[in-house]
Structures are given as structure tokens and as C-alpha cells.
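What follows is a set of structures for review.
Look at the two complexes coming up: subunit A is in both, with subunit B in one and subunit C in the other.
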Partner chain A sequence: MRYRAPEAAALISTDLAPFTALFDRRSGITHILASPAPEILAALTEPMTIDMLLAVLAREYDLADPDPAALAVRLDELVASGLVATT
Partner chain B sequence: MSDHDQPDPDQPDAAAISDGGNAVPTRRRLLQLGAIGAGAVVSIRPALAQTAGSVMNCEIPVPDMGHAGGFIADDGSIVAAGTKGAYAPPGRPFKGEEVKRAMAGNQLPGTSYESNRAYMNYIRRLQRGQGGFTCFASLQMPRG
Partner chain C sequence: MRHALSIRIGPVGFRIGSDWRAPIDQLAALYRDYPVPDVADFTVRLFAARAWRRVIRPSVTIGGDYMLPDAAPLPLAHGLLAGEMAMNLQLALGYRRHLLLHASVVERDGRAIVMTGESGAGKSTLATLLASRGWRFMGDEFALLDPETGLVHAFPRLISLKNAGIAAAAAAWPDGRFGPSLPDTPKGDIRHLVPPAAAIARMDEPAMPALLLFPRHGVAADTRDVGASEAFVRLTQASTNYVALGEAGFRALTGLVRGVPARAIDYPDGDAAIAAVEALWAGL
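Then we have the complex of A and B:
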């Protein structure tokens, strides 16, 4: 199963440090994201499996807990919000 | 006798050693995947979103009550009753569930290919303030 982020044109993003606000034009819903959700979305530059995504994140960040199960929970939240699709 | 006070040039710079004894300096930002608190995503739905139960039962009249009796042209606009090439209104409002299925590629009940297309174009052009707009808008939100 691969995870897919929306195309950039579908989202309006605002920095509300330490959060990120994301308006999804497709649903009209505003999401408030805390780390690592914005980083995960940014890393999904193309459809990826969990393992591929974990490898990308591990390259870009110093992962405190490089655990696919933890990443899966974060991805489930993003899928539930409608921000990430599965294919 | 070696001088222990001076740094040994053969050893990596102490500042570059991480906990695992790795000599490569790490400048990447720390990221934690596990949840700190209730999760990483909070969604604020607009006030017009309906609950999952009622979405399927909400209704979309074609056309809305203010234009009752008007015919629907191919492009979804409302035209005078009896206009050639336009479609008579369906006998009843469509349910949210029916429109949702039509959006997924099925046909509205009781319609032909052409009248389905005309009604769906009408529905897609609904604006705030028109009957059925709230119902239609809520069909497009994830998880109702």
C-alpha cells in the first residue's frame, strides 16, 4: 500500500509555529498539524510505502524513534483527516 | 610517554561523536514519530458539515424550491418549462446517498444518461443560499 500526499495546489499552508495550519481546498477543512505531520506530508513527494517513507525521513532527519509502527500511526491520522490517500 | 592533555590528532573531534560512537557529525533536525499527546493532526470542519448519518439522508431538490417547475438544460442551468432540449425536473428531490453514488460514476435513479448529466451539472453549480447546497457540500467532505 502506498501513501500519497495531495498536490500542492490543493492546499494553503500557514506557519503558526510550533504548528502548521493547512487548508484543504478539496474538502474546505482546515487542519492544524504538529510535528511530525507536516514533515511527513513534505516527504511524500511521490506515492510511497511506509518503508520508503521511513527511509526518506531517516535521511532528512535524525529520527528519535525510526519505527514503522509509529510512522503508521501518524499516517493513519493523516489518512483519517483526508490529507493523505492510499493507493 | 604520551601527553594526555593534548587532543590526539588521530581521534575524531569529540564534538562530532554521537552516542553510538559514530564519527560522522549529525546536523539533521531531530524528529520524533511517536505521539506527544493526542496526535499530530486536528481538523476543524466548517459549521455546515453534517454528521455521517444525516449526510446520506439529506436532500437536494432539482431545481430548488424557488425555481420549482423549471427545466434543467444540459449544462445544469435552469430554463423555462418546456424548453426544447432541456429536461423536466425529476419527480422528487435526490437523497445525499444517491448523489454521492452519482458522483462516483453511477447514475441518479430514474434518469437517462443525458438527464443524469444535466441534473448533476445543476447540482455541481449549486451556490450557498440555494436549497441543497449544504447537503451537496457535505457530500464532498471526507468521512461525511
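Then we have the complex of A and C:
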């Protein structure tokens, strides 16, 4: 299974430390995201499996102990919110 | 409608029609210094749901361009309150020109304090007290935030005082023009106060927000910073048209919370609140 983020133009993201406010132009819904959700969306530049995404995140953020199970939970949350689709 | 009145409050024009003369006469007296709009943005109707309710135990049903189907009618003695509620309702449900924040606003030197909080937090009383100490009163119900400019526009409707706030305002404004006492309304005891003359004369002057304030009345004095995330969430909850404005609302509100400092103040009484606000203002 691969995970797919919306096109960049579909989202407006604003850093409101400590959270990120995200406006989804497709639905008109505002999301308040905590890390690592914004980083996951930014990394999903193309459809990826969990292992592919984990490799990208580990490289970008120097993850010492990449955990695919924890990433799967975060991805499920993003799928439930409508921000990530599966193919 | 048998009786009617047109008034403009800030950028919003209203036409109020009524089956009864009394509410229109009361509104006309209290809004006598307000201009007549070129075109009314909203129509408000105060009417009898049944014809005989016009005369027998008259009860005022609120209507207009936008209606809540389950809004309970009010007795004619509370007709003035019905008119005010109906105008607020039209704005809350139908206004799209600006982002509406349920907030009070005061201004000094072109910069504004936007105060928001749950009902009873004291934002209306606080705005009234600040207005008695040299601040320009811009409104105690809605702040109108312009998505294009970031400016906040005034909506200085009648000040709706509740319960203990009535005596506090009477002390602060001994020469104030008050409406009739409205005891035992669904919102408690209510009395309306005409905003200061400067608030009406200068209601077409917007101001740039400089401080977001989340006041809370009745507890020991305290002040704390409010982060942009918390301010954003609280203001989305305080807005009646954030969702309707879509992307423009998102940009307006994120721009506001990123550009303007936010503080929460707890205050035991009016003097403590004014001291806290002045200290915050001096430190900006």
C-alpha cells in the first residue's frame, strides 16, 4: 500500500508554534497539526510505502531509531482526517 | 411592517421593522445619533407569530433575512432586547465582508485591543471601563477583521450590560444614556448604554490590532502569554463566519495571531483589569 499527500497547491500551511495550522482548499477544513504530521506531509512528495517514507524521514531528520509501527499510526490519523490517501 | 427604522452601525446597515411601535421608539431614541444607511445590508423583523399575539400577551418573534427556527419569542417588554438580538443574529449568520470575531474592541492612537472570551468573561464591561479612561470604544459584541488589510472595523452598537456590569457602567458613566431596565430576561438583567459620542462619530475609522486579550473576571489577578496556536483556536471558536469565509478567513486569522501578541488576564475587579491592560499596553 502506498500513501499519497495532496498536491502542494491544495494546502496552505502556517507555522503557529508549537502547532501548524493547515487549510485544505479541497474541503475548506482547517487542521491543527502537531509534529510529525507536517513533516510527513512535506515528505510525501510522491506516493510511498511506509518503508519508503520512513527512509526519507530518517534521512531528512536524522532519526536515530525509525519506528515503522509508530509511523503507521500517524499515517492512519492523516488518512482519517482526509489529508492523506492510500492507493 | 407597521413601524420601521433604518440605522447604520459601522459598515453595516440595518432596516428594522416591527408590529409594535414601542421597540422601534426605544431603538430610535437610543440610536438617534447614528446615520441612516444608503442601503440596508440586513432586514430585521419583530413580529407576532399569531395575529392575536399582537395585543393579547404580546410576544415578539425575531425574524429577518436569517432566522433560527427554534428562537423563543420574547415578551413585548423585552422588545428592545429582541431588536438587538435580531440585529446580532443577522450579522452572525449572514455577514461575509469581514471576519467576525465575537469580541470587544477599544482603540488608542490608531491601534486596537481585541478582547474575547466566553460570555460572562467581562469583555463588555472591560471595554466600557476602558472607554471611560480615554480609550475609544469600537464595539462590545463583534470585531470586524478585514482580510485584505488586517484592520479591525468598529461595530459600536448599544452596549449590552448584564447583571453586575450594569452598576459598574453606571458608576463609570454617570452621564451615560441608558435604555430601560430589562429585568429577568433569558440572559439575566439587561440594560443598554449608548456608546460614547466619540465612538459613534469615529465609527468609520478602522484600527490596526496591536493586542489580543483573553480576559477572565472574578479570579485573582494574573497575566500570561498566549501562544499563536492557542490564540488561533480560541479565535476560530469566537468567530461566527470563519468557516464561511474559507481561505480568506484562514489567512486573516493566521495573519492576526502571527502578527499580534496575545495575553490572558485574570482580574478580580475593574481597577485591577485597567491596571493590567495599561501595563501590558505600555510594554508593547
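Simple rule for what comes next: the second predicted complex is superposed on the first by the 85 of 87 C-alpha atoms of A that agree within 3 Å, B and C clash if a C-alpha of one lies under 4 Å from a C-alpha of the other, contacts with A are read in each partner's own complex, and residues count from 1 in each chain.
Here is the rule we go by: a residue touches a chain if its C-beta (ideal position, glycine included) is under 8 Å from a C-beta of that chain, and two chains touch if they have at least 3 such contacts.
Source: prediction; values computed, not measured.
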Item to complete: Could you tell me whether subunit B and subunit C fit or clash when both sit on subunit A in the superposition?
Response: fit
Item to complete: Have a look at where A:A17 lands relative to subunit B and subunit C in the superposition and call it first, second, both or neither.
Response: second
Worksheet item: After the superposition on chain A, what angle is formed at the C-alpha centre of subunit A by the C-alpha centres of subunit B and subunit C, rounded to the nearest 10 degrees?
Response: 60
Worksheet entry | First (subunit B), second (subunit C), both or neither touched by A:T30 | both
Worksheet item: Of subunit B and subunit C, which one contacts the greater number of residues in subunit A?
Response: B
Worksheet item: With the two structures placed on a shared chain A, what shortest C-alpha distance in Å links subunit B and subunit C?
Response: 5
Response to the item:
Intersected contact list for subunit A, partners subunit B and subunit C 28, 30, 32
Worksheet item: Which residues, counting only subunit C, touch subunit A once they are in their complex?
Response: 227-229, 232-233, 236, 242-243, 246-247, 250-251, 254, 257-258
Worksheet item: Inside the complex, what are the residues of subunit B that reach subunit A?
Response: 26, 28-36, 39-46, 137, 140-143
Worksheet item: Once bound in the complex, which stretches of subunit A touch subunit C?
Response: 12, 14, 16-19, 21, 23, 25, 28, 30, 32
Discussion item. If we count contacts the way the header does, which residues on subunit A are in touch with subunit B in the complex?
Written reply: 26-37, 39, 57, 60-67, 70-71, 73-74, 77-78, 80-83
